[in-house]
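The data blocks that follow each hold one structure.
Shared between the two complexes below is chain A, which pairs with chain B and chain C, respectively.
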Partner chain A sequence: MFKWKVNITSCLLLFSCAVFAQRPEFVLEIKDHLFYPAEIHIPKNKKVKLVIYNYDATPEEFDSFDLNREKVIFPHRKSIIFIGPLPEGRYSFFGEYHPNTAKGVVIVDDTTTVNQPLEESSHVD
Partner chain B sequence: MRLFISFILCVISIAKVQADSFVVDKVYHPYVLPNEQEFEWRLFSRQTDEGNKLAQHIAYGFALSERVMFEAYILGERNENDSDDYGLKSYEAEVRWMLTEQGELWADWGALFELEKQHDSNDWEATAALLFEKEIGKTSLTMNFFMVYEWGDNSRESMKNEFRLQYRYRFLPQLQPAIELYTGHNYLGIGPAFMGIQRFDRQKQLKWEMGFIVGFNGNNKDNALRVAIEYEF
Partner chain C sequence: MLINTVILLLRDGLPIVFMLVLLLSSMKNAHYSYQWLIKAVSIAMLVTASLLIFIDTIAHWYDGMGIELLFSIGFIGVYFLIVVHLFAKPNTTPLWLKPASAMGIFVLVVSVNTINFLVYLTGFWSQTELLASILIGMLLGVGICVSVGILLYFILQLNQQKVQFGINNILLLLFGCGQLTQAIHLLLQMDLLPAEAAIWDSSFLVDENSELGYFFTALVGYDARPTSLHIFLYVLALLLPIAFYYWRRNHPNITTHQEHN
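Entry: the complex of A and B
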């Protein structure tokens, strides 16, 4: 009986750790060579997962010197970028394939709004 | 942090004792971009008491997948001020593998594999390297740990270590100053480096790097200049 209790406690502890280890998720969409939303607020000093859906028929490259990230997002696919932990500030990004239209900014502040986790499929319609 | 510094010092001391040709070269980052193609040119000039040694690399590379990049090199070299001696030295094939997603873990990891053959002899060199990069605010610490195995008709079969470190400040895209450290092949060198990137249309961009590395090998002069230009498209 004691063994069972220990095992259940261990499982709960592991599960709790897994929950705590989940990164806050934020969603960004690419439609008609534009980023939606063009402004994303993320919490300061926290690593976050940016899930980017490309609904266009052409690839796009998320590029940001401020965030030190470069990532190709294939047409009708989603891609994940991890950013942070960052201090408060504005961090601009753009789409390398359409730099004149695809522009946006990550604003790091005290916001705590976190999007719901997304489905696992990497294909988007 | 103490453990980390001890580890680096340990790597430096091991490499310094065990190795014996030149180590100043590119510090590799553990990242690959899909659809990427590139042409690359590198120049090395090593000035010692015996004279000047020049080497050039010309390469073409392309991404095989979202995480794997292949690059083929032609290497030319001129030995110790003999200007007639400049010629093709060897060929090299290289595969760079991005092991982790950038920013997902505490640090980013990659692997590098190279196979080099001397042009005019049956001598070979196989290299495996672990690539490490850690983002610290506006700076990036990059480290490469190399294991080099040599064999062939004129080479004594041997295994050697190399270590390269670059601590870069991401000041502007076009200008990023850095400090670089190289050990291996009985060489320990440290010096400043500068690098940058200029973007053009779409994936077209020009990357440049220049470093001046001073050797700390007793009283002997051993300085190196390295230049690299990459055109990605």
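Entry: the complex of A and C
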């Protein structure tokens, strides 16, 4: 019984550490089927929060085989994706619905600069 | 837009085709009629239509991660229903359990996998200049998916019934494990599971962005860059039902006795 309690507590701790940990925040915007900025610098070996705003009238899917992430972002909406921790390198991403124009790259290096979240426009919920 | 539509349809359509082929084969081996499929198609259409209506609202839940939360629950549900389906036998479990689990798997896989494509479709439907290429892309994508499905179905039927039964069950379990890895991806993306670096990168062998990559990802949950958590949960999800199967086979009296009680 005690062992079970210890195991459940460990699982809850692991879960809560992942949920409540503060993550550095980076902002990405989609406008006219392009990503702004097209290059994002994030610190290495750290999990970061990527806040994506879609200012277009059509949906877009953030997709990256390098980052192992995909997510649909609805028109005039905001979405969140967590990425990392990653070793130094370049990790490309693209808009699945407009792969020829919506392209970008996450550059993982020693930088500690964190983009400030933009003021949410009236067009984005 | 044409190539894009084909790629999206392959990504979202192949899991549905594989699930359908494996379930049809499994239910045929267990001598069930196609009644379950008719009910499953009707329920799946209703669930998908309701999801499409409310998807924008759902996307807003949980700080913009509502879809991931809902889909991860769906993917985990598919795995558990597949395990139930594999262990449901007419002589030891209620007769309705096998068709009911098949219906559950069908409804979950169809609704979760079609919704992204429907969002894409409805998002661009109003742009008439793109309509022709989207329609041609859909035709090509559906054609490829159906061809792959028919080929897999007849390959499964080629073997002797006992071998076919074994291969079908293993493929169904691997498919379930693949669905479970999709849930892990989503939970990692939501920061609900601790993230780790990938253990290896096998994209030089099979790239996830290639035709073969789509095939293996849909069928067995192939991941070119898995983390240790992925591998641990995948192996656990695969071995536990197999271990239970062999344990039950070696202790038929215990399970039958308990079930009769």
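By definition in this document, the second predicted complex is superposed on the first by the 96 of 125 C-alpha atoms of A that agree within 3 Å, B and C clash if a C-alpha of one lies under 4 Å from a C-alpha of the other, contacts with A are read in each partner's own complex, and residues count from 1 in each chain.
To be clear about the criterion, a contact is a pair of C-beta atoms (placed from the backbone, for glycine too) under 8 Å apart; a residue touches a chain by one contact, two chains touch by 3 or more.
Keep in mind it's a predicted model, so treat the numbers as computed, not measured.
With the C-alpha superposition on chain A as described, chain C and chain B clash in the combined arrangement. Greater residue coverage of chain A by touch, when chain B is weighed against chain C, goes to C. Contacts of A:106 after superposition on the shared chain: neither chain B nor chain C is touched. Of the two partner chains, neither chain B nor chain C is touched by A:28.
Contacts of A:42 after superposition on the shared chain: neither chain B nor chain C is touched.
Touch criterion met: A:58 reaches chain C, while chain B stays clear of it.
Residue contacts after overlaying the shared chain place A:78 against chain C, while chain B stays out of touching range. Overlap of the chain B and chain C interfaces on chain A comprises residues 47, 59, 61, 65, 68-69, 71-72, 74, 80-82, 84, 96-97.
The touching residues of chain A, when paired with chain C in their complex, are 14-15, 17-19, 21, 23, 47, 49, 58-59, 61, 65, 68-69, 71-72, 74-75, 77-82, 84-87, 96-97, 99, 125. Contact residues of chain C toward chain A in the complex are 4, 8, 55-56, 59-60, 63-65, 67-68, 116, 119-120, 123-124, 127, 185, 188-198, 203, 207-209, 223-225.
Within the complex formed with chain A, the chain B residues making contact are 31, 33-35, 66, 101-104, 135, 140, 170, 173, 199, 202-203. Residue ranges on chain A touching chain B, taken from their complex, read 47, 59, 61, 63, 65, 68-72, 74, 80-84, 96-97.
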